[in-house]
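Got a structure here, written out as C-alpha cells. Questions coming.
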Amino acid sequence: MPEDTGTPTPSPEPGEQPRRLRIPVASARADAPQFQIAAGNPRRAERLAASGFVLAAAGFAGFGASYWQNYSNFWLAITLAVGFAGLGYGMVVWAKFLMPRGPFSESRHSVAPTPAQREMFIDDFASRGKVAVERRSLLVKTLGLASGILGVVLAFPLLRSLGPLPGTTLRKTAWRRGAYLVDITGRKIKTDDLEVGGFITVFPPDDIGGAYSQTMLIRVDPPPVSGYLTPPPQFAEQRATWAPQGYIAFSKVCTHAGCPVGLYEELTKKMLCPCHQSLFDVTDAAIPIFGPAPRPLPQLPLYIDEEGYFRAQDGYDEPVGPGYWERGND
Amino acid sequence: MTRPHALWRGLLVSLALVVSASFVGVFLLGGGRDDLSLASSSADVAAASLTSRDSPTDASQLAAGRTLFVENCSTCHGISAEGGDRAPPLLGIGGATVDLWLSSGWMPLAEPSAEPVRKPAKFDRAQVLEIVRYVTSLVPSTGNPGIPFGLDISHADVAEGFSLFALNCAPCHTITGAGDALADGIQAPPLHGVTKTMVWEAIRTGPGNMPRFGPGTLSPAQVVDIVGYVVKNIQHPVSPGGFSLGGVGPVAEGFVGLFVGVGACLLAALWIGDRSEGGQEEDNDGHEDHDGHEDPDGDQDAHHGDDPRELAHA
Amino acid sequence: MIDALFNWLDDRLGISGSGRKMLNKIFPDHWSFLIGEIALYSFIVLLGTGVFLTLYFVPSSKDVIYEGSYAPLRGQPVSEAFASTLNLSFAVRGGLLMRQMHHWAANIFVGSIVVHMLRVFFTGAFRRPRELNWIVGSTLLILAIFNGFLGYSLPDDLVSGTGIRISFSIVESIPLIGSYMAFFLFGGNFPGNSIIPRFFILHVLILPAIMVGLLSAHLGLLVRQKHTQFPGRDNTPRNVVGAPLWPTFVAKTTGFLLLIVAVTAGLSALFQINPVWLYGPYVPYKVSYAVQPDWYMGWLDGALRIMPSWEIVGFGHMIPNVFFPAILLPGITFGVLQLWPFIEARLTHDYADHQILDRPRDRPKRTAFGAAVFSFYFVLFGASATDVLANYLSISLNVVLTSFRFLAIIVPLIVFPVTYRICKEMQAVPTAGQRKRANIVMRSAEGGYTTVPAEERPGDAVPRIVPMPLDEDIEFVPEMAGVLVGSDGTVVGDGGAAGNGGAAGNGGATGDGAPGESSPPAPTGDDRPRGGVFKVPRVYR
C-alpha cells in the first residue's frame, strides 16, 4: 500500500472502480520529450510527405486516365504503383518524423494466471459439471456410442462420394490385341510414315488422346537383317517379335511421376522425360539409365499387318505410369 | 532513435545490390531477342526470291562452290565429300541439310574437335547456295529434301502450328522456344534468330539428335503451319505483361519475386522500422543478459527465464 | 459532427473503455518485426485481386472452342478455365493487371512468410509462451504453399497441368490408401473433369477461410501475449517498448501496406508472370521442357529430381519412388517444423518463459543448425532448375544432377560449422555490426604516430529518451511534487515497496530530472540510470 505523502486521495466506494486523479493533461504531455516530433526541420518533412501525396494523386489520376483510354497493362500498373508508392511514402514520412517520437511503453503482465485463479476456474467447472455427470455413466456411454457412429459414417459422404474406387482401372490401358496405332487425328500409321530417327505419338483408335494409352512409336534403325530389333537378354524370348522392321513402341507415361516422355534423342537413341530428367535407353527396353525413374517404360508389342499398318499384338504387359501400393511386381 | 546517415547509406547500398542483382538476373535470363529474326527474315526474303534449284546448271557456279568446299570442308569431310574419321560423308545428304548446317553456323566448326554451336554463318547466302549446288551435284538426288525455295508461310495456320509445336517440339525446345539442355551435353537450341527456311530444314532433316519428321509424319501443310508459328509467335511473342524474363517461366519469376519483390519490401521495412540499440553505448559489454546477470561465455544458457509467477499481479 | 458520431457509438458500444487500451497498445519498432506485416498485407492484396478474378474466371474443364483475340489459339479446343483466363488477360480491362498482381503478391506472400519464420526462429521468439503461435504460423506456411499451387494450376495450362499430373502420382504413391485417395480427389482416374472445379473451391473458399481464421488466431495470440522485443536498456521482460497504436503505428503500418501494394503493382508493370497464352492448354499427351513449379514448390521438385531411383517392392505391394521425396520428406519437414519449440525446449532443458529475444549470434548452436537446415532446402530448391542451369552454364545435365546430389549432403555439413564460428566471432566482438568511431591518425614532427578518436558524427549521437508508460492505471498530471511510481502503481521512491506484488518497476519509466526532488529513486533491482522530465502522481489501488 502506498504511504501517505500529504496529498489527499479519496478512497473508493465498495464495488466502485478505483478512482484516479483526473486532471487535464494536454499541457503536460506537450512538453514531454516523447511527444516531440523527430524531424529536425518539420517544414521540410511536411513538404516531403505532401509531395508524396501529390505524386500519389497524380499517379491515381493517371491510372484513371489509362483505364479510360484502355492503355496497356504497363501504364495501368505503373500509374497504380506510383500512386501507392507516393501515398505510402507520405504516410511513412509523416509517421516517422511528424508524430510523437516516443518511445512509449506498457507493462507486460503475464498471461499465466495465479494458482488461486486457476483453482477457482477448475472449481467452477468441476463442481457444477460433477452434478451433471456423476453417476450418469449410462448417459455418457450412450452419447459416446452415438457420436462414435456419427463420426464413422460422416466419412462416407465426405470421402467416398468424392470419386469411384480405383478397382483395376490403373492396371490396364485401352490397348487391345489387334488395335491399330493411330495419330492424334485418327490416321492409321503404316511403315515408312516415319523416317529413320523419327517418332510419333500414337493411340488406340478407341482412346485417341487418352492419358494412359499414349504411346511413342519410334523408328530406331533401318530394317534389321533379322527383321526385328534385338531385345536385351532378359527379354530375349518374350520380346523377340515386339519391334518389327526397326520400329519400337513404348508407353509415353513416365514411370516416375507420370509426365509424357516426349523427348527423343535420335543419335543416342534415348528418351528423356522433361519433368525430372529420367533417361531411358530405347535400345535396351527403355531401362532408365539416369535420373529418378525406378522402372523401364512398358513396351507395346507391335506387328505389321498385310496392308502395312502397325497394330498391337496385345495390350501392355504391365501397368503403365508411376507406381502405387497395389502394383506389386505386376 | 533515428540515425539518418547510417540509414541512408545502408539503404543505398542495399538498393544498389538489389538493383544490380535483378539487372544481372534479367540480363542473363534475357528478354526477347527479336532483332536477329528481323535481320534474317530479310535475308530469307532474298533467298526465297532466288529461282535456282539444286541441280547444277552453271559450270562456273559449280567451280565456285567446289573451291569453297575444298578450302573449308574437305579437310574433315574428304575431298569428294566421302567422309572420314572425323566427319560423316555428305554424298546424297540433300541440299536442305547442307544449307541448314551452313546457315546456322554449326559448320564449319571453330576447330576440328569442337561441338557444333550456333554462330554467325561464315558464308553469305550466295556462297552457301554455291556450296549446296556443288555438294548435291556429286551424286544424283537420293530423295533427301532440298532447300525449300519459295517457301510461303503467309497462309500458315498458326493455331494448327501451335498445337503441333506443343506436341512435337515443345518437349525439347520448351513451349516458348527458349531451348534447354538435354542429357549428355546435348542442347536443344533456342528458336530465336532463325529463318523460316532453317526451321523447315530442321524439321525435315532432323539435325544431330533432333528427330526427323518426314512427310509421312508431318504433311507439307503441317510443316508450313509449324514454321509459321515459330517465325511469327515464337520469335515475336505476345508479351503485354512486361519483360518476358527469357521465357523460362517460374525459374526466372521466382528469382524476380524473391529478390526484387520481397527484397523491395524488406528495404521498405528497414526504412520504416528501427535498428537494434546496438550502436548506443552499452551499460554492459554485450555479455550480460537482459536481466542484468552476467553470462560471460555468451551462450545464454538461461535456464531461468521470466518467471510467470513474478509477473502476476497480486 | 465527428464528436457526435463518436459519442453515439460510444454510448452503444462502450469504445472508450476497452478502446483506450487499444489506443495505447505498444508495438516494438524493430524493422525485422515488420516482416510478418509483409505477409499480412500481401495477403490483403491477394484477397482484393482475387475477388476481382473470381468474377471472371470459369472453373470448368468443359472443352470450348476459343474464339478470342489471341490468334494462335483461335479455333482450338481449350477448357473453359483456360479460355476464361485468356479472356481475363486480353479482353477484360485491367484483367491482366489483376492477374499479374495476384500472382506476384502470392510469390511475395510465401517469400515473406519464410523470411518471417526465419526471423522468429533465429531470435527464439517461438519459445514459451509462444509455441502455439509458432504452430499456427507453420500451418499458415503449409496452407500458403498449397494454396499457391492450387492457384497457379487453375488456368489449366500446359505447364501447371503437368504439375497436376505429378500431384496425382504423388497422392497415388501413398501406401495403403494412395490409389483410393487419388481417385477420390480427382473424381476418378487422371485427368477427369473434376479437378479444376475442386481446386477452385479449395483455392477461393476453403483454404482462404481457414487461413483467415488462423491469421486471426495468429494476431489474436500476438495481442494477448504481446510482442517480444530485443534486449536493450529500457527493454525488460516486464514491459513492451515501442510506438503506440495511435497515431504512430497506424500511420506506419498503413504506409507499409501502401508501399507493398506499390511494389506488387510495380512488378506487374515491369515483369510478365505466368503468360499462359504462350503455354497453351493442358493436354495429357503434350508436355514442355523447363517445367519448374513456382519457387515455393521448388524444393519438392528438386527433391524429386535428385532422388535416386529407389523403389520398395515386395509381398505383392509397392512403395513407389516418388513417395520418399514427395510425401516422406515434406512430412518430416513440416512435422519437425511444427514441433520445433518442443524439440528445442527438450534439447536445451529450457522450459521457462521468454519475452526478450536472442540475438542470433548469442545462440550459435541454434543459428548454425537453422542455417544448415535452410541451406539443405535451398540446395533442393536450386536442384529444381537442373536443366535450366545446365543450359545457361553449358554444363552437362548429368554432371549438374550428380553435383546436386553431393551438394545436398555436403553444403549443410559445411554451413553448420562455418555459421557456428561466425556467431562465436561476432559474440567476441561486442561492437560487431555497429558503426565505429573513426580514429584520426596524426603524425608528429619527430615521426611518431598517435591516434585520437574523431568527433562524434551527427548520426552517432542518439538522444536518449526513456519510454513513457501508457498503462491504463496511470494518469498524467502537469505538475506534482515529485513522487516516483512504478508502472504497477506502487511507489518506488519509498524503497522496499518495489517488491510489492513482485512486479519490479519499469525501467526508466519515471524520472526525476526536476530540481526540488525530494528523494532519489530507490534501486529496483538494476542500476540503470533514469531520465525523462515528467512526473506521475501517486496512484493507489
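Lettered A, B and C in written order, each chain numbered from 1.
In the analysis below, contacts are C-beta pairs under 8 Å (C-beta built on N, C-alpha and C of every residue); 3 or more make two chains touch, one makes a residue touch a chain.
Keep in mind the model is a prediction, meaning the values are calculated, not measured.
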When contacts are scored as defined above, which chain pair ends up with more C-beta pairs, A-C or A-B?
A-C
Hey, which chain ends up farthest from chain B, C-alpha centres compared?
C
Could you put a whole-Å number on the gap between the CA centroids of chain B and chain C?
35
Chain A and chain C: spacing of chain centres that average the CA atoms, whole Å:
18
When centres are defined as mean Cα positions, the distance from chain A to chain B in whole Å is 28
Check each residue of chain C and list the ones that touch at least two other chains.
29, 96, 100, 129, 237-238, 252, 255-256, 259-260, 263, 266, 268-270, 283, 285-291, 353, 355, 387, 397-398, 488, 503
Which positions in chain B touch two or more other chains at once?
1, 167, 170-172, 182-184, 240-242, 268, 271-272, 306, 308-313
What are the residues of chain A that contact at least two other chains?
73-74, 88, 92, 95-96, 101, 103, 108, 110-112, 184, 201, 260, 262-263, 274, 277, 290
Show me the residue ranges of chain B that touch chain C in the complex, using the header's touch definition.
1, 3-7, 28-29, 158-159, 161-163, 166-167, 170-176, 178-185, 187-188, 229, 233, 237-245, 247-251, 253-258, 260-262, 264-266, 268-280, 282-283, 285-287, 289-292, 298-314
What does chain C use to touch chain B in their complex?
29-35, 37-38, 42, 70-76, 89-90, 96, 100, 104, 107-108, 111-112, 115, 127-129, 158-159, 230-233, 235-238, 252, 255-256, 259-260, 263-264, 266-275, 277-280, 283, 285-296, 298, 348-350, 352-356, 358-359, 361-364, 384-385, 387-388, 390-392, 396-398, 427-428, 430-431, 433-435, 457-460, 462, 464, 488, 500-503, 525-528
Contact footprint of chain B on chain A as seen in their complex
38, 72-74, 88, 92, 95-97, 101, 103, 108-114, 184, 192-201, 260, 262-268, 270, 272, 274, 277, 279, 290
Once bound in the complex, which stretches of chain B touch chain A?
1-2, 167-168, 170-172, 182-184, 186, 206, 208-214, 216-217, 240-242, 268, 271-272, 306, 308-313
Where on chain A is chain C touching in the complex?
1-3, 5, 7, 9, 18, 20-25, 27-29, 31-34, 67, 70, 73-74, 76-78, 80-85, 87-92, 94-96, 99-108, 110-112, 159-160, 162-166, 169-170, 184, 201, 203, 209-212, 214, 252, 256-260, 262-263, 274-278, 288, 290-295, 321-329
